[in-house]
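Structures given as structure tokens follow.
One chain, chain A, appears in both complexes that follow, with chain B as partner in the first and chain C in the second.
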Partner chain A sequence: MANQGGSQHGIARTSRVRTEAQRQRDLERIASYRVLEDDLRARVKNPRTAYADRASAQHVFDLTTRLLRLNPEYYTVWNIRRRALLVLLPAGPKARRGDCCDRSSCSCLGETQPSHGCPKAGRSGTTADDAGDHTSEENDEEKKQDDEETEKQTRTMLQTELEFTIPLLIESPKCYWIWSYRLWILRQSISRLPVPVARGIWQAELALASKMLTKDRRNFHAWGYRRHVVAQLESDALGGGSMVEAEFQYTEDKIRADLSNFSAWHSRSKLIPRLLEERGADEKARREFFEAELDKIHNALNVGPEDQSLWYYHQYLMLNLTTLPPNNEHTITPTLPIEDRIAFLRNELAEIRDLLEDYDNVKLIYEALIDLTLDLCRLEGKRKPDEEEKENLREWLGKMKELDPMRMGRWRDFEEGLRREWGVEA
Partner chain B sequence: MESLSDTLWDVVICGTGLQQSLLALALSRSKKKILHIDPNDFYGGSEAAFSLQDAESWVKGLTGGFNGFFKSATLVKSEGTTGLGPSRAYYLALAPTFIHSRSALLSQLVSSQAYRQVEFLAVGSFFIFKPAQDPCFRPTLTRIPSTREDIFSSTAVSTKAKRMLMKFLKFVLDYEESPQLEQWRSHADAPLTEFLGEVFKMDAELQTYVLTLTLSLDGNISTKDGLATIRRHLSSMGVYGPGFAAIYPKWGGLSEIAQVSCRAGAVGGAVYMLGSSIKEIETVQEDKLLRLSLSSGDTVRTRLLVRANDSSGFGLSISRLVAVVDSPLTSFFQPTVEGAPRPAVAVVAFPTGSLTTPAGATYQYPVYLSAHSGETGECPNDQSVLYLTTLSTPDSNEILQKALDAFLSTEEAQTSHILLRLQYEQSGGSTDLCAENCVITLSGTPLSLAFDDSTLDPVKEAWKHVMGEGAVESEYMNFPDREGEADEDEANE
Partner chain C sequence: MSEDFSDIPEELYLATEAHVKYIQSLDTRKDEYDYWLTEHLRLNGLYWGLTALHLLGHPDALPRADAIDFVLSCQHENGGFGAAPGHDAHMLSTVSAVQILAMLDAFDELEKRGKGKEQVGKYIASLQNRQTGTFAGDEWGEEDTRFLYGAFNALSLLGLLHLVDVDKAVEHIAACANFDGGYGVSPGAESHAGQIFTCVAALTIAGRQDLIDKERLGRWLSERQIAGGGLNGRPEKKEDVCYSWWVLSSLEMIGKTHWINKSQLAAFILRCQDMEKGGISDRPGNMVDVWHTVFGIAGLSLLKYPGLQPVNEVYCMPKSTISRIFGR
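Up next, the complex of A and B:
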């Protein structure tokens, strides 16, 4: 096992030095793990018996608990746990009404399936139809109590499952299988619990995502996870409304805590179209919003011009100016007249040039100036740069070559492009 | 059991101020025979903290002379206030000094395991007081930005000024490297403000911000010292969590550090005696011993004596006003940034020129106000303790009063009333250590609002004297966990 051939470059393979006592301990641990695994596999070989009744399902479930604590990466075992859990979970009131499971959560295995697709798992389904002797009021009372009991049981079991994943996540925070199981449990909450209860669980999940982002602001997996959780909270299934304003504020808070947060700026840009739509922003409001964003990014660039995430957002704002109708409804100011766009660009050029006064060796400023100049030319009827502009372009390109000599090939290429397309001789 | 007189002590430490207590901590695993005494009947010496009753006794004890470093103390409870709580609800600190995250004191507390006994709180924002331009307006308090994000969000600084601040911040972080070094070396002994004006082209207002970050008592700190202090502040930012650069020990600041250190000393076998002072010292030359007569009547023999210089201090002298107010001043103790802990301490600086003397002249020194919330354990939760400090001058007592009134007239502090005022003057020590004929004399702690690491040097020197040949540099303040030792033994069975 120690010497599996050079799959890693330059790292010498050394065999681990173990004492005899350590080796024996390792062998014991491997043996007990194997026993667990063999037991589980033997049981699951026949799915019909493995999950046939609560007792066997529970046994399988407990085996998965022990195995997963030792090895959370064993994804087959997570699947086995899901199947066992589906047997152990009471059939929800939603289920009894017949609008229960989608395929993914159905534990129906084997060839014959009841016509409504859902086995009478957990409590044997006492429906109003069966209880012929009771009056309908007593039936309703009973059903209500049953429902409450079911809900309580389901909630407790799902909560326990979420808690089970926590210590595993702390040890292996990047293990996809744990996160996937967590999401599956969360989906179960939607299909099995009343909306307010499910909502509460998902809201706690949002708090968890926020906590992760506080620990590591730039973890883009965490941002993606957050977006997923927010999308669920907004969905009809959870009786949600739009959370766009709150999420926009969240990006604001994150940026205030750390300007250099690529993901926060990116999220912001993704939220803006929907935000403006929901606010019912008219032309005037949109223009004001755009100006406020410009102001904000200028303020940020003023203190951090070397920060790429800020320039990224600046480019996004510039795109808003250079993306002309038709097909520009998603921009901030789709109806802005062309003269105004040109005015904004000219103003940008002045603002960014002002930065050069105090920051004369930041490559990204020169790149932005070149882009702005060419954008201006494009907007003004695709004209060629005039003499002054050509002089500037040459100077700025020269600066970039000086500040970033490693990319000389790229700059030469760019220079060639400037000559061919824009008539700017070197 | 051996009596005090029978034991041949390796060292007698007199005084339980910070330095002596840290020495006890340093020696706590050494198996040396240590007798640690203090003339007071409380721990902490010049760094002690007091309940109201103890504060009153302390003040009374000072009348008719000085007590080494302190003099002219008064304690006044405001007329007709029903707001003051019971005596034990207060714990007023003589040394409300906060500690930068990168301070060597913290590393020593960690490596010696003593940190476990201390609860640390965050020190939050620094504010600058600006007198009202117009009599019908209130004076204002502006937060001093000290990180890039602070500068970004600040509305008090112009765009151009923000760039200058940014450049300066970046400069300071590497100020000892080239090319930065060449830029300031020629100004090293000149005032920092001059350097800021000439080289960074900062206007007076911006200079004030930067100067305040140094907490300079005379407002005239040199470029060399100023850059060092600011760098310490900036590099301490965020070390133990977002939004703060310094921490404050709960329960009276340095007093708690002293107490925890003495506790460690006691666990290590040292014998403690409060209310005991040295009446006479006799050198027994042939045996290289000292014979000490204590006020308790005992005579003890020891190889070494460590004590503080009890004649009056020298150099800097400060005036302090400690005021208890009946408001929790919540707006001062807001976390500065998302995810930051709630601070328990906030600093307000009154820069040179923002206050006028009773005679009407502008006061030529800064005044610093350190606000402590009830979280510090120093007062009830619905009150706050304000520690005002300025250099001692004939006007300083009135100036401190004026500063307090000015602070209470700001928007954020307006509804508060003063419940109690404690005032005194304190002289500073130096970090010299004198070792002669088996007697080591410490010269007290330098006076500063933020802990000065040079305070630690004499402690180490004293430790070396006590340990003699047995002094192992790497073991200084570096101990394994006492609990851990026990566990290790079990595992090896």
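Up next, the complex of A and C:
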């Protein structure tokens, strides 16, 4: 299974022999860790008592704080913390109305687990909804003050939780469980706080995701996390609207800072269909957009033709030309006439060939030239390459074999395909 | 076609004895702080270690009865398994439990002394999001194609795939596909070797390889091999033994392992061994762990490096186990 926790990445191999002093130190650390762990385990062994009242829940909660600081990978302890927190969090106005598990405002997995994240259906069976037992004699003013107090308390507690994970994340940025816990806390804000307040919390989260991506521009978790946070900010539950323009600009900034940031190029390719749709871009605007993207990638390729990231984006743009109706509604220029597609491809062939003048030993250029030539043949009624093209294909394939012998099996398969499908004899 | 490893220097060989000893030593390190910090991976660790031992041809190097007892001691009432006694049930440890019991031919023990196969299947099925088809790791966690693959892996071994909506899950995987032929962790996410493995393997289990753009995917995967012979997980990243396995096994599933240089990859994995004390690391000269040890050995097995039992690329388990269970 793909679970990287606990594995060693990038840590230099050292002598595995410990001195006696080191061994003693280990034994001491083990002893204090286990005391803590045993204490917590004994308490939660019986869930009925562990979360029976605020005092018990608080005790359990405090133990998880200490244990998670020592070991943030301990997923069971994160779960225990959630259970305790569900007891400690005040039942807010939203929760009191009974819509704390409102599916529409909760992207969680509630569908499959009715008890998920709902304080009234906490797994401990005992929850903190006594706060909801207000009698009708209370006047509205008092109720309003109560609500404000509850909201303030909830907000403080959720924010404290978010802050608790920060030092842990800084130390273990790839620890899945910490991210997962954070998202759970953030979801609590949606179900328990007024929309503007919850929105503020999620907005701060976007800032955090940006910060993580400044530190490690290709952190896989952080990019995925960012997408998730943006989707939530755009949702009705947070009173949001489209952020596609801002996110597109974000990829622009990231690419400007570093051309070979494939994560940013990828994100860009995923945003474009929505961007154009929301702009209501007409045929002309779409064509201009496509041309601007082509210019951008040409400029980038001119300085970094060895960069795979750039070529992947180039392939994405070429797919826009070669994907024909009716299955191309998500492309940039779905209605582009076939003659124009052909013209673009011919132009592209010339552009990429120009690169050879400065760089004649870059495999990726030859690969692109072969792709473009065959794309052209396909678009022109799946014709066979003419003599000149055949000569080029043979030459470029020869260059690929010479420059990249590591993938010889692939070039041989390709050569065979050229012969069989396109009539190009070796 | 037998593989040609003749260009690998003689001093690079598979340190079988050292690896067996290393794996045997893993559960005797109770005086090391790390042993306690990694308890949340105990069941996964047993699967990794046991698989490595089976592939090394030493299936009995860990006592069978102890292993079964330990696995069963991790099971919860709801059928799921935690990483160790006292740990909450989770998809990842449940899959490891099923894989271990499969390798040890011990499903009957699960019926007799555990909660039974059906209950395990029900637990896994309860983690499917019936709207989108994908799976969560547990009742709290996020959804991820890793969990979808895990569910398919374990359920198919148990013969209980019918408990979940396979078509919906397949639809979800299709939505995770990218223009480069690869797959991401969720729709919209960038292609990543680990996620490609999970998606391609899940599609293979579901009998839906027709959805894979093999040509494009093969190109992307084969570009993962970089100078030095190792494979990376994404463009412009460093090579790593665990990514080498995911890329290689994915290439195997789509019939294109010959698109990379096998001998150079074998040499890279061999260079990551600790020849003296056993174990394999992510890159040469780094700390070894059981995770990279199993994926290194599985990689060598898939490359048909001599002295190893053949591995099944979809399950990362011995071929002999898979053919015993599926009768093929």
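Definition applied: the second predicted complex is superposed on the first by the 363 of 426 C-alpha atoms of A that agree within 3 Å, B and C clash if a C-alpha of one lies under 4 Å from a C-alpha of the other, contacts with A are read in each partner's own complex, and residues count from 1 in each chain.
What we mean here is this: a contact is a pair of C-beta atoms (placed from the backbone, for glycine too) under 8 Å apart; a residue touches a chain by one contact, two chains touch by 3 or more.
Given the structure is predicted, the values throughout are model-derived calculations rather than measurements.
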Let me test your reading of the model: by the given contact rule, A:406 touches which partner, first (chain B), second (chain C), both or neither? second
Where does A:326 make contact in the superposed view: on chain B (first), on chain C (second), on both, or on neither? neither
Examine A:256 and indicate which partner it touches, taking first as chain B and second as chain C; both and neither are also allowed. first
Could you say whether A:303 touches chain B, chain C, both of them, or neither, answering first, second, both or neither? first
With both structures placed on chain A, which of the two partners, chain B or chain C, ends up touching more residues of chain A? C
Which holds for A:359: it touches chain B only (first), chain C only (second), both, or neither? first
For A:214, using the defined touch cut-off, is the partner it touches chain B, chain C, both, or neither? Pick first, second, both or neither. first
Per the touch rule, the chain A residues reaching chain B in their complex are 214, 253-254, 256-259, 299-300, 302-304, 358-359
Chain C-facing residues of chain A, complex: 1-14, 16, 23, 26-27, 29-30, 33-34, 37, 41, 70-71, 73-76, 78-79, 82, 109, 111-113, 115-117, 179-180, 183-184, 218, 220, 223-224, 227, 260, 262-263, 266-267, 269-270, 307-309, 312, 315-316, 319, 405-410, 413
Contact residues on chain B for chain A in the complex? 148-149, 151-153, 159-160, 162-164, 166-167, 242, 337-339
Parts of chain C lying in touch with chain A, wherever the complex brings them together: 31-33, 36-41, 44-45, 47, 82-83, 86-88, 90, 92, 95-96, 126-131, 136, 138-143, 146, 149-150, 153, 178-180, 184-186, 188-192, 194-195, 197-198, 218-219, 222-223, 225, 234-237, 240, 242, 246, 256, 258-261, 264, 274, 277, 281-283, 285-289, 291-292
